[in-house]
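For reference, chains read A, B, C and D in written order, and residue numbers begin at 1 within each chain.
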Amino acid sequence: MSGPREECGVFGISNHPEAARMIYYGLYALQHRGQESAGIVVGDGPDLVGHKGIGLVSEVFREDNLGKLRGSSGIGHVRYSTTGSNRLVNAQPLTILCHRGPLAMAHNGNLVNAGKLRRQLEEEGSIFQTTSDTEVLGHLVARSRQKDFLEALEESLQRVEGAYGYLLLTPRLLIGARDPQGIRPLVMGRLGEAVVLASETCALDAVEAEFVREVEPGEIIVAESEGGGFRSIRLPVSPKTARGRSTGLCIFEYIYFARPDSDLEGANVHLVRKRLGRILAAEHPVEADVVCGVPDSSLSAAAGYAEASGIPYEPALVKNRYIGRTFIQPDAVQRTLGVRLKLNANRKVVEGKRVVLLDDSIVRGTTSRRIVRLLREAGATEVHLRIASPPYTFPCFYGIDTSTSTELIAARKKVEEIREVVEADSLGYLSVPGLLKAIDRGNGHCLACFTGSYPVPVPVGAGKFALE
Amino acid sequence: MSGPREECGVFGISNHPEAARMIYYGLYALQHRGQESAGIVVGDGPDLVGHKGIGLVSEVFREDNLGKLRGSSGIGHVRYSTTGSNRLVNAQPLTILCHRGPLAMAHNGNLVNAGKLRRQLEEEGSIFQTTSDTEVLGHLVARSRQKDFLEALEESLQRVEGAYGYLLLTPRLLIGARDPQGIRPLVMGRLGEAVVLASETCALDAVEAEFVREVEPGEIIVAESEGGGFRSIRLPVSPKTARGRSTGLCIFEYIYFARPDSDLEGANVHLVRKRLGRILAAEHPVEADVVCGVPDSSLSAAAGYAEASGIPYEPALVKNRYIGRTFIQPDAVQRTLGVRLKLNANRKVVEGKRVVLLDDSIVRGTTSRRIVRLLREAGATEVHLRIASPPYTFPCFYGIDTSTSTELIAARKKVEEIREVVEADSLGYLSVPGLLKAIDRGNGHCLACFTGSYPVPVPVGAGKFALE
Amino acid sequence: MSGPREECGVFGISNHPEAARMIYYGLYALQHRGQESAGIVVGDGPDLVGHKGIGLVSEVFREDNLGKLRGSSGIGHVRYSTTGSNRLVNAQPLTILCHRGPLAMAHNGNLVNAGKLRRQLEEEGSIFQTTSDTEVLGHLVARSRQKDFLEALEESLQRVEGAYGYLLLTPRLLIGARDPQGIRPLVMGRLGEAVVLASETCALDAVEAEFVREVEPGEIIVAESEGGGFRSIRLPVSPKTARGRSTGLCIFEYIYFARPDSDLEGANVHLVRKRLGRILAAEHPVEADVVCGVPDSSLSAAAGYAEASGIPYEPALVKNRYIGRTFIQPDAVQRTLGVRLKLNANRKVVEGKRVVLLDDSIVRGTTSRRIVRLLREAGATEVHLRIASPPYTFPCFYGIDTSTSTELIAARKKVEEIREVVEADSLGYLSVPGLLKAIDRGNGHCLACFTGSYPVPVPVGAGKFALE
Amino acid sequence: MSGPREECGVFGISNHPEAARMIYYGLYALQHRGQESAGIVVGDGPDLVGHKGIGLVSEVFREDNLGKLRGSSGIGHVRYSTTGSNRLVNAQPLTILCHRGPLAMAHNGNLVNAGKLRRQLEEEGSIFQTTSDTEVLGHLVARSRQKDFLEALEESLQRVEGAYGYLLLTPRLLIGARDPQGIRPLVMGRLGEAVVLASETCALDAVEAEFVREVEPGEIIVAESEGGGFRSIRLPVSPKTARGRSTGLCIFEYIYFARPDSDLEGANVHLVRKRLGRILAAEHPVEADVVCGVPDSSLSAAAGYAEASGIPYEPALVKNRYIGRTFIQPDAVQRTLGVRLKLNANRKVVEGKRVVLLDDSIVRGTTSRRIVRLLREAGATEVHLRIASPPYTFPCFYGIDTSTSTELIAARKKVEEIREVVEADSLGYLSVPGLLKAIDRGNGHCLACFTGSYPVPVPVGAGKFALE
């Protein structure tokens, strides 16, 4: 609703008699990571076959097209457009044919040197059919002088820079690769004799797979399409990794992206978010009558704030669950209905009350202002906005859809100015130390959006439509 | 998820330049009351024009078909099939042509004497094109000897028995009628010069209309399509109303149907549900570590139980929001995935814990058992099921989709037997006095499903497909 | 293309294990009679089930919906809208429920007293859901005091006036009824043990049924759904039939509507049309180099004209076969493309030639003018238009879509004036005696559109939208 | 119906304010050349934008998607799958991005060395996304060392071998290229200031463009997207062209593919086909009562045969025009309906008659046999089959869908044996000299399918799915 928008979820499975169906359910559990397109590719003897389309998993797949995807191994993808606009040609998995045979790829993340690599490849005579950075990896693999496919893949992954959780499929292999900094998440599970790879643990739960471990930063998992075995390859530590910079899993996975019932690095997302709220309550206390959160991502933090502050928690904002892609937005005349149709304030809960409103982040500030107004119109006497993360100040180049700083209000305004814009009575952000205290796994994290310290050097001009 | 299924929501507006669009937003806010079909009819000079279809409001309507519905007055309907199966011909509003001109009807509820009236009408030579009981009222109005349309309507409403919130539309009038016992809800609001009628107050909020009052039991509100005025007609108290029986608004509107941000009889639904949870905690205390509820309808009761018991509340069950009509259900082989795809237990929250699980009701017991198992598989050491209503023992004939007692587990088994079926460590139902204490508005309520005391005599054999 | 537009085709079959599929093929063969909607209803135990939709037979039916129509007896309909506009609610067969049970009706033709009957029925309290005249018959049957269904039907058919080929279906019976004047066609065939009823013999051919005979004017054929037997009932000769007027099969079935491979009253349509062309050549000879016809309806007449005149026949106009309902028409800027996209003149065939152009009729004259121009632009030095029927002067009230005389150019202008409008070098119409000479079956025909002598008295104001 | 199936039609236009709409109408006129997919790409500033889909032109394009294709220059394609199966990814135009910028390609024909080139390209590291041979040309252009785009294109076209009418589009240029043997057709026209390129002249007529001339074998036409000028480049005569072999326009364009109102090499297709029929009458006379042809491709030849023989022509076979992609084919039980649903014999025309049946070719013989039987069932006493071309004996590798000789009945059987298979009373094929006499333009033609003398050497194993 109010947070930054994440791009993709991936799910793969090998050695399962109902691979496509399991991927369907896995993608469905990852739907919160991308609602614009969905796709599945599975092995079919020496070929790869697939189906993809614009829309939700349940809209794109029906019994007739899912039933045609036989084969015991496959990968799937749900996409929120990051690089490249929302055209079907950019939907994933992307399948290519090269001298090594067919190869399908599904990608969560963003390659910061995709533009440069693409220009090099084009100069060497490569042709592209999409504007997606995913296609670049396919070209590198096809052009690699390495005879062995896996060596070619390894070499190619060393040439790309950025953040990724990649799934690849050949007729014989299911492969998962995570970027050397471990910015984008990727987990491994087992379901009987099947190997499962997914962006989040909630997708393992959906198919009743057992969590094994996270794929390590810089690790490549290679599973046979049939047989159930797998092995691990490690990319050499990239010399390009910026030294002395905070690096590791994207902190926004904790704050906003992941489902509350997923675990990240062994920690439950809901419980981490509650801790964010508890610490925020200590950092920015306020006298109030009721605490509420913006559904769904901020409810855990609100509960934590309520517990720590002793102010009662109430679900004062009710979200309409039925909004769809084709929903008819109010036109200019009915503009004030905009937020209200998605979110209604429960008047009886806030009337005459001083309200603490928790949100996960502020991007532009416009949504926050609308929600503050909604609460006042429902009778709240005061609205104190509390943000369960530090000011979002620097654009992300690793797969989150905010690639220019001009749209980030915190890049241009101080906290007090932001408070004025969002019309809150007070505004408090969680501090970076408070954030780290709540998460505190000792692994390090990518905090670039809060600190500007990018773990991977960002080329000038990199951005969402750089390739288009 | 686990509760009984409600049938319909209605929304009407008169004297508004964007009537169809306001109805669209109103129906969207009422989408929780019915997801199978949606329809809108508006006046268009001397005619009525409309569009309806199978699916969600946002699926049925697009700019092209909504844009054709001009006219300043109209009615809309979302339907969960009660009487009649899910065929487009049964979608509402239903438009008929008779000597009085065109008439559209949208109906929430169920007429218990529809079968008898239909047989009479058929014997007199009437033909029917739907199996919906709504069509019966149209025939009665057309056949009435009363010259005046409103008198004919009044006479006809006196012939039907049952529960209804009816909206009717002619080229000149918008009419709302509520059954004499007030079993089904209907509220009135104003939006500038427009009169608004809706099943719930949350729909008034959606269009920023001001709540005026509930339509009274047995009241007919008549608003001019243009002009902004309205008047009230009262049906005579029906001599057929069973004396000495509890009667009034359906108690299940409080327990399950209404959105938590709606108000019923001046009481906020969320706050009433919290009270149900508080009283339930007093009636059925248990030693436990965590309280959770089945989303979404039981979260308020769970919060109330937690507050009263001092046991911490946690959202241990996470619901997948993206399931759609076309979702591919797991087949027999993957049967255990059934509940899990919709609902995931957050392992880190329940592992090693004694869990109190709140639900609004138990119909067959199968869903409850699956959720209890889900919690145990996630590591709960004990699961104590608490139901925020009395045992659901008697079928409803007034619009809720449980018209035979054989499917109601409480009609056949004692509480301890039900506990065994659902595999809970303990099971506690709210008592009828506890229920009334929580609601306690002095107006009386229809409690037939708990007590068997039906406010309107039910004919033998009445049931969902009685007309088919 | 240039002729009047016909309304409907009907097809029914009893006692066949694949009834729905046979109806599908039968309707497909009758597609030229109506392309706007298609529908099939079959018996299903005590019920009738069906499917209908907007579009061609091959668009409306797919394996999934056709496969659900089991049952050994059924009726189908293709519709070109005559009475009532093109809304799905008016698609046929129309199914009603009354005290006699379910009844489905499919109707080719038009009831001239439908408006009057409808007003009577409405005054007696009937409600209507369509604007189709077909529904009127259902009401009459439902209201008849006759106990027996067939007697009720017989009584009802005596109350309606006009032209019809009616098919009716109950769970036990397949019924075909033809109007007492025999204006609309209806034929009977056998396919093994099955009875087949259809608008034209080409539909019998499509399912490899054997032609038995035409249903007689005023005859009702009653076949058991199972068993293979049938019997015949005769309506009494209507006293309302205008005496001394020409009556019988609509002459336009010969001229335009029927497929050339159908037989009418024992005569092959293609051969009759060739005779029309031969006689026309005698009545309106001209010196010319080539004869051509407007595809498809006028090709036979052109061949006849060529044979009789000795002028060579050439297919100078080529029709594009792929135009569909959703074809994007040229806008104002490209207006001249209008006819050309459907029809192209073969320049090499007409360049420098004097062309005789055959058409079946002239309605408004605008299409004729465009075709004349097309030929001139392709190099024709002269264009002599010959019409294989007399001037179309009087509107039809029996099922052809020209219900006001204002749009008929021959009602307002003399032949020489029409020639000027269509920009032909000469114009010759077939005479009424010439027409009768070509057809000459001794049965009489409805010639009202040429002579104004209506076999059934037409009420003032009867017309297409009279009921709306 | 009974002939070989052609693959594609192309249409391009430069410098026209309504380019996309003109392409739409042009493709619509070429729809007979391919009904499986349709696509249009136009320039849009520095980009190319397009839309394509499975189905007819009128199904794939609607106002909403056509309206988005602005730009003054563009190309379009209708496809019957030749190389590559019917998947959307293979629909054309194909758009690629390379260092030269975006490039769209639409291709009619087949490259016989596509497989070899593809393997080379793959070994050099190219990746492919389609199985279409069209993509090969894009790679060659991208990889060419020539700096200038046109020089790179010229070089690339010299590397491909086979038959093609290629249209290419860049943001600045519209290009048409025809293979050096001129096997596939391509014509040029003018529409005001616009340059038009199309597979057939009937598409020029459709948009009212004036025919200028045929694109010459080995010629490349280069038109500016804006400005209206164009220039011509000639490919050097290919040393690979087999000497001493008949070469030139595919003879089957005359016999079967082209629309009768198109002109090929200055000759009208209908008139050429009539000549084929006349010569066939001289070569294979027979005593008979009536001549008919298989619609639509053989009607002209039948008319010619009738004229030369003096036997009357009659349209004895009536084709159903409404069959669509989604038509439900009769299953095994109703197999005999197969041909009959598409084609009905007019009994009254053939009953008791000796029939001469004209067809354009015999591929497998099964369809011919069904039509012969159809005529006999309608009462024909004799059926004499006359084929307006020589025996189709050798597979085509230049774009016609018969790439193995095993399916060609004439490759395995003598004429008398074929006669037995098709159950005709006599069978006569046109001779090769007779064929050439009818066409006789002095340019030479590709007659490989009749003579086995392939103008371009065919690699071993080339065939439709060679690339898949």
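As a working rule, a residue touches a chain if its C-beta (ideal position, glycine included) is under 8 Å from a C-beta of that chain, and two chains touch if they have at least 3 such contacts.
Fair warning: this is a prediction, and the values are worked out from it, not measured in the lab.
Path length between chain B and chain D in the chain contact graph, taken as the least number of steps between touching chains: 2.
The chain with its Cα centre farthest from the Cα centre of chain C is A.
Measuring from the averaged C-alpha position of chain A to that of chain D gives a distance of 49 Å. With centres taken as mean Cα positions, chain D sits 37 Å from chain C.
With centres defined as mean CA coordinates, chain C is found 61 Å away from chain A. Of all residues in chain D, none touches two or more other chains. Under the touch rule stated earlier, the contacting chain pairs are A-B, A-D, B-C, C-D.
Across the interface of their complex, chain A is touched by residues 95-99, 119, 122-129, 131, 138-139, 142-144 of chain D.
Against chain A, the residues of chain B that register as touching in their complex are 18, 21, 24-25, 28-29, 31-32, 35, 56-59, 61-63, 66, 202, 205-208, 259-261, 263, 267-268, 270-271, 296, 299-300, 303, 307, 312-315, 318, 320-324, 326-328, 330, 333-334, 336-337, 340-341, 344-349.
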